[in-house]
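Alright, structures below, take your time with them.
Both of the next two complexes hold chain A, though its partner changes from chain B to chain C.
Presenting the complex of A and B:
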């Protein structure tokens, strides 16, 4: 064995020898490998973001030959226009609901499945995961039909018990809840699997040691499992917020178009409405930039907690 | 380093070979055929007349050897098409003939390059009126912009009509003749609510206020005055919306819900009447299990019926003379009686030309589809769909916002006045 190893070492040394003399290639190669994705990122992400930022200082309808420079007016509008304020508030409500439904709930259930249920883990995973394979448009149309307050199957079923489905499309708050439930149907399984996998990676010996010491299960979870699983959890949390706000776009577009009176709209849908329905690209770009900054802050939090933790561990 | 340079050279060489190959492929393609290729953008999904678009295009291509039309479907109706047209214009590769929804008339004519039908007729037919002769002055007026210029030719026409669940109306003793007025509809809706607990009426609520404008117009209100300013907050406009709001919030006899749900409620027999576009006729015919029929849109007592027309026109967007000529040939062919009838049967729209409307084939079709008949009777009372000269898309959104507010209980007069002022501030 030893002999073998030393042979390999020699091999490596003899290989790295000539590499020293071709150092520039060694330095350039990684960049060359990165080039295709960097180029794609640049063309499809960096340039559009820069252009959006540029457009946010103008009034423009996408095709008129001239753009009217308005300075910070579009940004002032974002924070002073009552509709925009309503939309920002809605976005916060969405975030709270999405975190509860798509993060806390699947986390809770994955803890139960991992620590309190011995059998049937596989079937649970599959069952929860199935809806993520469906398109959200399908989900939105399906739920809009099921939850139709007048003639949907749920309304007909509840009628037998003397109950009614409220006219949820007429109330912003209720519409937001239903839209979040639809995304929950779609996202739950995926987040659940991610969290469950994270929990599976918690070292078994620590858990066994804790069990031997007779520490109650909830303490094990609270003091050992949750801190050890923090990286995955924060990743899922950020995903829930950033992707969730994008996911709710589809049901909003299919069912309420942001109504009643912007009651179920959020920053992303409102940006779309301004950009591609009303063709007010200035307003839309300012909204998009504000959203971008919010997401940037979230990303910073993610890097600080998740990546930072790894560095500490190293 | 050598290797790297060599690799780079090889890569560059390969790229240039590919580039040249593509270049030559492009040349040989255009040189070999003398056929003019044109594209036709439409909004008709397979279930909404897309099949008849394909049938028409196929027929045209078979009979016209020198022109090849490719049809492109644009999702999300006229708004979606406008969005795609924007990007097409930005990239410089525009389609040759497009459907433009009425609400976009001014937006289209202000922002896009197009050839008017009048110019096309003069240039290619050496005559001013070959095609336009076939349209009534009234239907041509639908396709005019704020400056009175004809932008395209009317292609799909629709009007709002009142669909009724006759089984339910008969059960609760409601005379259909009483539904000629909105006051009658309100009373009938009350009766139905009291006797059955069901809703009386659903008035369509898509992302436009077409149906609500029909109500205001049929109370003698104007949406826009002759100077192009919004004028719907008049006493007549307020009265029309007030009755609508009363039905929704006070009597609770009308449902306030998105379009798809509202139509489901009607076809499932939970609402007695639906005020919506004639284009819903075939959907209703296929999905109901009760006796359904339709009648002319109600008016307010003592007022004349006036309805805004829905649908689209065809506009020529080609920039190159040969393509313009080919597109014009295709457009004229689409306006032949037979083509129009294929189109109207496939979509449920009404024919835009006099000859097609009066043709025996269309009359036969009406006899087989009586639910469409009231809509054709309304055409004489149809007016262009209001398209504000400036910021028209904002104006439509303001009217949608006002509808949302009113139907959730806001003061009608104040809300309409605020919306009107907001629109006029932008004109």
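Presenting the complex of A and C:
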């Protein structure tokens, strides 16, 4: 069946191919369709990546007419400057928290909904997704209200038990936790749906056979379902890190501006701070390039696992 | 019987999660209809005792609310139309033409989704500034339009259209422009609606580009206006900020209520290869 189709396709291609390419306009036609997207990507993506890389070798303040060439100094700074080191360490903390909150937690819940809930999947999907519709600025506002140490509802509730909400904006570690919780509020439902869809694709008969053999459900999930769903899971895991590190930018900028003393900053926020607040364009560009390389590595991990799975499925 | 009981426990857990997610939003809506004093004294009362529109009136006096809604709507509309149109055209090229290096070009296009905004932020700011588009709706929309997500989603949707359909139209000598307009676009209508809805909501909520490009208060979009009402020192007038937030969440909620099924299907398919 598949063979047949591709034969027909080849035949059609060989028939329509030459006719199309005989006219010069026909050969250019696909590029005409690609032109608008290609132009946008070229101007706002490809050239900027190159230009940021170029800027990373200079000292500049975004405004001055001249740039001072400093070689690799900005890159050396990325790894030796104590503030940058702190920010890199914070980025790792962010990644760990984001993975726990935005990947492991929704994965656990999607397993429960898929295997332990008979009906009602629909309503849970619909309701979990709602915060994904809202701006992270709204999320930042809501969490700074709930966790307000003086007048917030949590503080008033805890007061009855003689407890206090700590001044969490004065502690980098606590601020990072709250900022990650804000993104969790937003992306939990989104990731839940992606993971649930992946679980839905696991063949039912495998599960039924395992159930007939009396193998406990959690064992089946651990030994059969999780390996089968690896492709989707790794895709969501990478997405959680790549998008999560960009999502946290908004609550950081709204609530802490990276403070106290860069305690809640990360690689991406620090890049922004260097570029548009401190006007250290060279430092910012070196940080941006390092971030780019890290994301590129994550992209290749994604390709290796997810695209590999696709080929196996074919 | 035993499994029934166990299910109940899981349902309780899931309902608790829904409450944790939704209660803040419900309290936000409720508090936006309370005075500052009432919101403080009856903080955990979900239904306001004396609902009032004070916050919305005050808000409208303090900022040009209509203008900010219009700014945000216009920006989101331009971004959505731009992304849907360029995405459809590019997806058609990838799906229905054969040209040298197609796979490589497609890979590069889709790979750009992984590029963090910080890597392109400085040059893009400089370009927008040079084009004299700071504080301008086009200036804030253009960098947002550069996003290959639409191309990827539309290619996935077009893969489901039988190739024979397009090929036979080509053999009949129908020009590509007509195949695109009269065959592909109508067939993809549900995908266009859902992808467009997702794009609109994302751009409506967009924060990063507006922060960089819009400095003049008259050009502000709603997320920037809301940010101005949140003070890190704790002196925030929350009922006022919540009124603005309620205005912000209404359009995405309405879109979701109408196109919920399409949107969730599109999200699901984006994760599957």
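Note that in this section the second predicted complex is superposed on the first by the 273 of 314 C-alpha atoms of A that agree within 3 Å, B and C clash if a C-alpha of one lies under 4 Å from a C-alpha of the other, contacts with A are read in each partner's own complex, and residues count from 1 in each chain.
The rule is short, and it goes like this: contacts are C-beta pairs under 8 Å (C-beta built on N, C-alpha and C of every residue); 3 or more make two chains touch, one makes a residue touch a chain.
Being a predicted model, the structure only gives us computed values, none of them experimental.
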Clash or fit, chain B versus chain C on superposed chain A
clash
Quick check for you: in the superposed arrangement, does A:113 touch first (chain B), second (chain C), both or neither?
second
Is A:151 touching the first partner chain B, the second partner chain C, both, or neither of them?
both
In the superposed arrangement, which partner chain does A:244 touch: chain B (first), chain C (second), both, or neither?
neither
Check whether A:170 is in contact with chain B, with chain C, with both or with neither, and answer first, second, both or neither.
first
Would you check which partner chain A:277 touches, where first means chain B only, second means chain C only, and both and neither mean what they say?
first
Now for A:61: first (chain B), second (chain C), both, or neither, which partner does it touch?
first
Kindly classify A:44 by the partners it touches after superposition: chain B alone (first), chain C alone (second), both, or neither?
second
Most chain A residues touched (candidates chain B, chain C)
C
Residues on chain A in contact with chain B in one complex and with chain C in the other?
62, 141, 144-145, 148-151, 169, 255-257, 276
Of all residues in chain A, which touch chain C in the complex?
5, 8-9, 12-13, 15-17, 27, 29-31, 33-34, 36-38, 40-41, 43-49, 51-52, 55, 62, 109, 112-113, 116-118, 120, 124-131, 133-138, 140-146, 148-151, 153, 156-157, 169, 185, 188-190, 193-195, 197-198, 201, 231-232, 235-236, 242, 245-246, 249-250, 253-257, 267-268, 271-272, 275-276, 281, 284-285, 287-289, 291-292, 295-296, 298-299, 302, 306-307, 309-310
Which of the residues in chain A come into contact with chain B in the complex?
22, 24-25, 28, 61-64, 141, 144-145, 148-152, 167, 169-170, 255-257, 259-262, 273, 276-280
Footprint of chain A on chain C - complex, ascending:
6-7, 10-11, 13-14, 17-18, 21-22, 24-25, 27-28, 40, 43-44, 85-87, 89-90, 92-94, 97-99, 105, 109, 111-112, 114-127, 142-143, 145-146, 148, 151, 163-164, 167, 170-171, 176, 180, 201, 204-205, 207-208, 211-212, 222-223, 226-227, 229-230, 232, 234, 236, 238, 241-242, 245, 248-249, 252-253, 255-256, 260, 264, 267-273
Over in the complex, which chain B residues touch chain A? Could you list them?
1, 3-4, 79, 83, 86, 89-90, 107, 111-112, 199, 207, 255-258, 260-261, 264-265, 268-271, 393-394, 397, 400-401, 404-405, 407-408
